[in-house]
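For reference, chains read A, B, C and D in written order, and residue numbers begin at 1 within each chain.
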Amino acid sequence: MADQTEATTGTAQDLHGALSIGVDVGGTKIAGGVVAVDGEVLATIRRDSPAQERQAIIDTIVEVVRELKNDFPSCTTVGIGAAGFIAEDRNTIAHGTNLDWTGLRLADAISERVGMPVVVENDANAFGWAEVRFGAARGKRNALVVAIGTGVGGAVVVDGRLLRGARGFAAEIGHINVVPDGRPCGCGLNGCLERYAAGTALGVNGWEQARFRPAYAARIIELSGGDANNISGKAVTAAAREGDPCALECYAQLTHWLGRGLADLCAVLDPEVIVIAGGLAEAGDILLEPTRKAFEAALTAGTHRPPIPLVLAAGGQEAGLVGAADLARQS
Amino acid sequence: MADQTEATTGTAQDLHGALSIGVDVGGTKIAGGVVAVDGEVLATIRRDSPAQERQAIIDTIVEVVRELKNDFPSCTTVGIGAAGFIAEDRNTIAHGTNLDWTGLRLADAISERVGMPVVVENDANAFGWAEVRFGAARGKRNALVVAIGTGVGGAVVVDGRLLRGARGFAAEIGHINVVPDGRPCGCGLNGCLERYAAGTALGVNGWEQARFRPAYAARIIELSGGDANNISGKAVTAAAREGDPCALECYAQLTHWLGRGLADLCAVLDPEVIVIAGGLAEAGDILLEPTRKAFEAALTAGTHRPPIPLVLAAGGQEAGLVGAADLARQS
Amino acid sequence: MADQTEATTGTAQDLHGALSIGVDVGGTKIAGGVVAVDGEVLATIRRDSPAQERQAIIDTIVEVVRELKNDFPSCTTVGIGAAGFIAEDRNTIAHGTNLDWTGLRLADAISERVGMPVVVENDANAFGWAEVRFGAARGKRNALVVAIGTGVGGAVVVDGRLLRGARGFAAEIGHINVVPDGRPCGCGLNGCLERYAAGTALGVNGWEQARFRPAYAARIIELSGGDANNISGKAVTAAAREGDPCALECYAQLTHWLGRGLADLCAVLDPEVIVIAGGLAEAGDILLEPTRKAFEAALTAGTHRPPIPLVLAAGGQEAGLVGAADLARQS
Amino acid sequence: MADQTEATTGTAQDLHGALSIGVDVGGTKIAGGVVAVDGEVLATIRRDSPAQERQAIIDTIVEVVRELKNDFPSCTTVGIGAAGFIAEDRNTIAHGTNLDWTGLRLADAISERVGMPVVVENDANAFGWAEVRFGAARGKRNALVVAIGTGVGGAVVVDGRLLRGARGFAAEIGHINVVPDGRPCGCGLNGCLERYAAGTALGVNGWEQARFRPAYAARIIELSGGDANNISGKAVTAAAREGDPCALECYAQLTHWLGRGLADLCAVLDPEVIVIAGGLAEAGDILLEPTRKAFEAALTAGTHRPPIPLVLAAGGQEAGLVGAADLARQS
């Protein structure tokens, strides 16, 4: 088990005002950190996630929080970012997507053991909040943060506040429909944005080419270790960087639908900026340029409104815990 | 020109607290009214709209406001509901869709002549606000109001406030895409929800049947005065009420896309209730029942969330001015 | 009632070998002619069609045939081209599409009164046969003739013979699907080629623009006499000839689907040439150029095969009776 | 290398009339046989195919033919079935799809070494011909044989003769479009029937479920040896036989498009029967029943025509060489 505490700054905590602890509960890692009011991370701890075991995860979270509190006793709040639908009480897991903890009052479970107020937020919300408070959408009162990785998640900020919806199910932007009766989605529907615009969709695009046009997809296959059955989005991105036509076609397909999906979201939300985050954001302009074109072509009343910029996220891997910590402070 | 002032109640105005004047600027009528804090309309005036003439419309609005103010001197604010994109200052017409008054500072133009503070709101927003304050979504902090008439407009209430977006262009729900490369839309795009779910779409569905399947569409044609080139949504609704299979197919087509569009909106917004308003809402269960089914089938994570009810709007034709008046009071 | 017999040539009939009478039964006209073996038309008679009355139509056909036989006694055969499905016996109307004469043994009904052998052919087949024998596909053993008018009909020649199919229902090329769940078709299906590529489809494309983008469609509306509800394909073609962007977009939409449909047909039939006939063919290059591009882009193995030329039909309004007469001679 | 000659019957060859040798050149095997006029196979030889080496394949074919001719000296003709486009001379490989022998005059190359007349036919044509002459479409003058395996191939018989087209490229039925802008196809297009209706498409359907709905697809994954990346059509079929809902959904998706594709083909060809052959045909009613329903729902004028039966192929693995041998005899 990995275990490390590192003081990332020597600055005295009192300069930072009220400190808050943020915890990001991921599929493979649980990361905790002490976050100052300006978003600076004063210390972090990272633990391997005990996979599917509910009690073990709770224990690990408690451990991480206690350790950080011990080092920074002035911490007053705890924010936890977790996957799934979080109920409007910011406590109960209304529906756990990866973990079997639907119904759990997670905030209560942690709070009673660490003796601090705890709030739970959806992890994409926590991440997006960090972008709006300290990152690429800093200072914007209306913003859309789109995280493109295994799936497509997002955070929506309206009038300076997170859009959570009536039940905490809002901002499920990966599950708006883009292709009627299209690819099957894990959510039970067909044709969701996520199935055409996530990093996994890039892999699917590459795999279809590899399977039915092997000569055209030769470079992608090569970069996937020669296995046409295991094409990864990363291999497609690497080939696209070299200018490989097949990989660029895979990207064109993805960005066509991503741009259209973003246009639909902007018709409803009219954000001041769109921040692109997640693993696929690392592709940079290969992703951004064609997405911008597709987005602009699909935006209603596009010629009558100020342009909505698409920018890359500024936050790194700590953005999730930073956002969670900051949201805890706001409650 | 029609001209009528009617005191709709004898109740003393002081029982109602601060009175506000609401004005609803429609394509054919300009309606003004005095609205109490509980939403009650104490008096209304209705004038024919001077069509496309910008100055004449301003003059008429001023006239209506002055007359109401004269009868109810305690009125302190004016709210105007108008079609188009209203800038975030709630003053400037950022883009007029029907009228050529883009760039006009409408609130200023009225305010300097009537001597009261004036705010301008998008008419669908004003209408929807009335539903949330006094109508079918009364007391809900998160709601979606969908007005289905010539087009599909909407108002979104998030955390008890209208979603206006960064520039006042939010809630353009009629222009999310439902059919890739589908029917041409007035907004310049193809396949917008509006082109498949508005009352006009119902007419188009009927027209396509009348044109290419005249025998099947016989009843619809008959109810349209025998002219297969001028099928109206109303004729289709009348035939559907009789159980005409062709008309019901036209409705099935419309509700399929409407349900899907509503599901996309709920994936993003997670409202507590959806209110269906506008001319097509008069169809009642013929519209509502199949829309509900289509909506539920297309809602992501539908089995994991509390149901989102679809209900008909409670407000009548005065809802627009009631909402505008109330919004003015809130500013 | 129109009534005219004109000797279109002074050439002695014996120079032409066996003469045959062709009759083209259209929706508004019944045209008969004496046709020589080289396709020359020696005389024609044209009568108004007695609309929907089955017996009256038979009487008119008999009258026309008798008159022509009287003038050219050496005529030995009669061929009739009629709309609908003609059974493989080339006698029975298996399914009349416009006329209520399903089940009628039309060849027998005429033959017993005129005392000559009679065959009945589908009118598109008769027309297409004339193109293959004497027109734009002259001498080709494999050809596809596509008639684009109110609908999309066709004739397929395989190894020098008309493709009639097992029951006489073959070559219904207007009813292959191009848009899944697309526009309703008179045949009961949705999304048929005919609904996207017929002259009526051009009118529908124009009507959709006129209805929802009136400014953009202004020229089309003007050329339709100002009535946005009655946009004709002809008006769209006239505007396209002037370079009107909206009309050209209507054409682009039509030719996209037409090209794709032709490509599907060629994947199955591999003709040596495609002949475009019917009212829309009069548009010439406005139709042909973009159709060619769309066709080539959609043709499977297109880079590995000799090009398949798209050409305009050579035959005029007599092609239907010429083909019918010639087919009668072949039986 | 496998090598076997087996006399499959003791019947004297003179009872069978003119004998013909058929050779089926597959991707992994080259099979030869002596075929009597009634389709009976008197002897067969099977050799491993020397993969991609052009000369080695020719040598193997020659060897097989010589050996059979040696045992049955009265053989007078040779028919070869090979993948790819065969030119109208029934000699030249116009475009080799798997082998690099485009341009080769294969019939000449064999004929000059074996001293007998040789014809080459597309392998699907050869196979389909056997069905029409001796199998499930025996005696039909108009038939459609569809082979569903790795791809979707076919043979079309019109008026008792194979439809070869002007250049030998006809009957490419796997490459008609069913989904506009759909899955990429090896032929360079997108959305071909083959990509939705071949056995590989079944595997793709299963793979998409396995990847994005692993719990739902659990049985399919299990039957694929636990590897969600290597779902085979066979595993889907096995699960469907058990009634697994996910596998049946994969089948429903396939049969929906297959039925629609067959309906398009019948609109053009009007066959008397459709024969389903190829590896996927082994699924039997799991394939046939839903395909029939989808086909009937998508067939134009379906209520006005006699039903077109869908039946399973009768021929086994020797059908390819039987058809090739018989076609050689007909030339």
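Operating definition for what follows: contacts are C-beta pairs under 8 Å (C-beta built on N, C-alpha and C of every residue); 3 or more make two chains touch, one makes a residue touch a chain.
In UniProt terms the chains read A, B, C, D = Glucokinase.
For clarity, every value in this text was computed on a predicted model and none was experimentally measured.
Novice: Fewest touch steps from chain B to chain D?
Specialist: Steps on the shortest route: 2.
Novice: Hey, which chain ends up farthest from chain D, C-alpha centres compared?
Specialist: Following the centroid criterion, the farthest chain would be B.
Novice: Counting C-beta pairs in contact, which chain pair has more, B-C or C-D?
Specialist: C-D
Novice: Let me have the rounded angstrom distance from the C-alpha centre of chain C over to the C-alpha centre of chain D, please.
Specialist: 35
Novice: What is the distance, in whole Å, between the centres of chain B and chain C, each centre taken as the mean of its C-alpha atoms?
Specialist: The answer is 49 Å.
Novice: Among the residues of chain A, which are close enough to touch at least two other chains?
Specialist: 188, in rising order.
Novice: If I apply the definition of touch given earlier, which pairs of chains qualify?
Specialist: A-B, A-D, B-C, C-D
Novice: Using the touch definition up top, name the residues of chain B that touch chain A in the complex.
Specialist: Interface residues on chain B, with respect to chain A: 85, 94-95, 102, 140-142, 156, 158-159, 161, 163-173, 175-180, 187-189, 192, 260, 263-265, 267-272, 298, 300-306, 308.
Novice: Going by the contact rule at the top, pick out the chain A residues touching chain D in the complex.
Specialist: 183-186, 188, 195, 200, 204, 208-209, 211-213, 229-230
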